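Here it is, the structure, as structure tokens.
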Amino acid sequence: MNVTQAFLSRLEKLPDGQKVRDCIQCGMCAGVCPHGYAMDYTPRRMIAALRAGRLDDLFRSDSIWLCVACFNCSYRCPSGIPLAERLIPSLREELLSTGVGVPKELQTAFERTARYGNPFGESPKKRDAWIKEAGVKVRVLKEGDSADVLWHVGCFPSYNKANLKDTIALAKLLNVLDVDFGIMGSDEWCAGDLRCTAVGEEGLFNLLYEHNSLQLAGRSFNEVLVGDPHAYNALSREYARMGTAYRVSHYTQFLEKRIPELSKLLKKKIDAKVTYHDSCCLGRKNEIYEAPRSLLETIPGVKILEMPRNKENALCCGGGGGAMWLDSFIWERTRVPLSIQRVQEAARTGADILAVSCPLEIPRFEDAIKSSGLEGRLRVREISHMLADALGLVGGV
Amino acid sequence: MSPDTIVVIAEHLKGELSDITLEMLACGRELANASGSELICMVLTDDPLPFKALPFASDKTIIVKNPVLGTFNPEAYCKVLSHMLREMSPRIALMGSTSVGMDLAGMLSVTLGATVVGNCTRIQIEGRKLLVTSKLYGGKLTARSEVDQGMVLCLLMTGSYSKEGGMKNEISQIDIRDSPLSLDGLRTQFRELVEPEEGDVDLTKVPVLVGAGRGVQGADNVRVLEELAGLLGGAVCATRPVVDQGWLPRTRQVGRSGVIVKPRLYLAFGISGAPEHVEGMKDSEFIVAVNTDSGAPIFEVAHYGSTLDLQDLAPVLAEKIKELKGGK
Amino acid sequence: MKVAVIIRQVPDVVEELVIAEDGRSLSEDDVMYITNELDDHALEQALILKGRHGAHVAAYGIGGSEARDALATSVAKGADEAVYVPLEFKDRGDNHKLAMHLAAPLRDGGFDLILSGMQAVDELDGGLGGILASRLSIPYVGGLLGVDMATGAGKVTVKKAFAGGRIGIMDVASPAVLGIQSSEQPPRYVPVNKVMQAKKTLQVKEIRTSVPDVVGLCITQLQKPETGAGAKMLEGDEDNVASSIANLLKERGLL
């Protein structure tokens, strides 16, 4: 059996992997891919190459690393082929195992995640250091403890300075709503979706899964709450695939159910025109479009303006699929960065605030705003922070 | 009974004395004064001329000459030093914690049966005891050790003592000799010394980096930083947005999607200290940051900081450095 | 060509270093181990020689059970042989003891080159390479950025780093010990799957001789250096601040 055939047989064992045989070469994937223009091998051509037995050609191309896991291709594919979820990561996995052509920045992120449970290389013991500044009680659940809601905080929300205010905002919201919640503290490791399943380090994903599922099994809870759509994807879909199913909610879904209580606690108006960015993992991938909008509408003074590319047509911020670590690599090979395109689109709506629901977007869009000269005209805010602000729980916008 | 001897193993490259030698002499002078010992500076070279008239603070300078000793050949140096140090039997031999000293200490400790203490920042004598302070675990901890007998080889870290203390107003007694042993048939041969290429730089191998962040605002300002880097024997590096704007090439990028560096000095100009960048330089030995935003996260990781505008400060800093260096 | 690589496990400084009750050593329970960074480079350099000249690479893993894991990673990366050298916590960081312990097995191994990182974060008694070389009566050169076979037989050409970015090209007759500062390419990545695989199928030789009972350097105290919280902010106008900075640099020997 030649290399290409071996690869295809491995791919076909993955969920829906066998659908790759149904490709009709229509090119929808290439058309909707935000980096399609820069790829010498778009998903369509990748499949064509595989059919011609030419796996090696794909390895010589950079195209595999230009995917930002925005799921547009999978969403539009008439044959339902899991292009961004399975095809691209599988190709990446092949490259990783040969060690050829793998961007160094990603390697470092993997090595750190494998060792410290987070891509920053920070000590796992510091994962819950943020609770000291939360200003409200945050329970750290040890083995044997129980709570109604187990909040899987995530790597960026735990460690990244730019995201801490939003993590604290969410803690305050949970507190004011009297939610019985707890976090796992330093026992929590990366959920693994962002860098792993989407990037082909299945081995690393398994390592993280083994750890997290063991830790989760040691605590009792009714549902898992996440702030990060990627963790949502991992914990609800991928962990179920591995055999451990949890009831998972993203905070926007969780809070949407509590809008009546939240409404009673409102203290402030936020007079602003707000446009909401549908993150790929929450939106297109998991079709959660309304909950974030309902929450924004709850805030008095907020006027929602929609971007032309919204909901299932939203433009990716460019950070998925490991691209958070590949900005330079990608910019060298494409034209205008996606994050800049997106903030410009947001600014064109006339909005003052670009509201987001994924922690990656805070650093990405803040950066893009500075680089495109929109500072002062547009600001980025996490929905949790806006809500907490409207409830008078955090400082001003 | 003859007084104790303290020996400093001089280092030089291309006929120029390395600064660490003066620091070692300063340290040696302090120890010699405290213990009534004789301080000897030992220079191994092919040509005594550049070293004959240097005002070393040693009581005596021994210059051992042989063509093979012109460039640093660990085997040759080790052979000569083993012989000489065995003869002189000093209490302490000081070497630099450098590419020279670090090659020699281990080998000499076995041939001479001496104790080695590395990463030294301070050495004191208390009666028969030698008290040494060293850095450990990448500088995260300080270790104090004691040696009360036998010969001790200490590797001194750059920046621990002042160079001025290693000099005095007169030239010490000079003794020029040939190598006591033949240096033929060595298994290590020095072929050539290569100067760094003018072309692009490997940031991980440069000791001083001047970082340009978004606050630099344009290619023109990068020029002042390049001058600073030149004065300090380093190179300019950049954060990702700067590279993305094309003000510096991709090879100069430091950070999560660039290179990870650990230079001795990192001067950060107009860098906010976003984690993606800090990840790439937080282990730098000494960090000085300049950013008009007093709340910039870079100040959490920097050792010293200023909120002056880099456009005003950088040129003045270049002048001050030129002044201080000019004194050499 | 046979190449041995010494891979040591050292305390990971990302984690907080907890000093033991005696005030002169680390608390063993709190230490997290990581492969000494420069030993990783040494392994990479050995694997580069394997790739170029088909060298046989033997990895010597020094430490506790974490050293065995490091051996699995080495094999997953391409090492041909794995040798486990158990070393108790109290014996770590003592290169003279280690060199004495390794001398006989390395000599018996008939290696052309023995590579190790030129430095380790936990050592105070000089680099391992030089001590080992002296025990084996073979040459040592440290601070290397590159190693390759020389045109003559039984020789290697090395690139040694000197101050100011200069590089010394030297020829060394083998057998020799080489102290690596930086491998020619950054240490390669090996996917977690491959490491897991290697762990399952790992065949390891073990050095069972007892560690020599020698007294090492006497450390009397370990403590945290004085640190301030965050940067010391410099006040004044451009002239003041520039002078302050220039003087700081001078004090630290950076001018």
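The letters A, B and C name the chains in turn, as written, and every chain counts its residues from 1.
By definition in this document, contacts are C-beta pairs under 8 Å (C-beta built on N, C-alpha and C of every residue); 3 or more make two chains touch, one makes a residue touch a chain.
What you are looking at is a predicted structure, and each value in this text was computed from that prediction instead of being measured.
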item	value
Central chain (distance from its CA mean to the mean of all protein CA atoms)	C
Centroid comparison with subunit C (C-alpha atoms), farthest chain	A
Chains linked by the largest number of contacting C-beta pairs	B-C
Subunit B-subunit C separation of Cα centroids, rounded to whole Å	20
Separation of subunit A from subunit B, taking each centre as the mean of its C-alpha atoms, in whole Å	46
Cα-centroid distance, subunit A relative to subunit C, in whole angstrom	38
Residue list for subunit A, restricted to those that touch at least two other chains	121
Junction residues of subunit C, two or more chains touched	none
Sites on subunit B at which at least two other chains make contact	none
List of subunit C residues in touch with subunit B within their complex	11, 13, 17, 19, 95-96, 99, 118-119, 121-135, 138-143, 145, 157, 160-173, 176, 179, 182, 217-225, 230-234, 237-239, 241-255
List of subunit B residues in touch with subunit A within their complex	214, 240-241, 243-245, 250, 253, 256-258, 260, 274-276, 279, 297
Touching residues on subunit C, where the partner in the complex is subunit A	14-16, 34, 186, 188-196
Subunit B partner contacts - residues on subunit A that touch it in the complex	105, 108-109, 120-121, 159-162, 325-329, 331-332, 337, 363, 367, 370-371
Touching residues (chain side subunit B, partner subunit C) in the complex	13, 18-20, 23, 71-75, 98-99, 102-107, 109-111, 115-119, 134-147, 153, 155, 158-159, 162-163, 187-196, 204-208, 232-233, 264-265, 286-289, 294, 298-300, 302-308, 312-313, 316-317, 319-321, 323-325
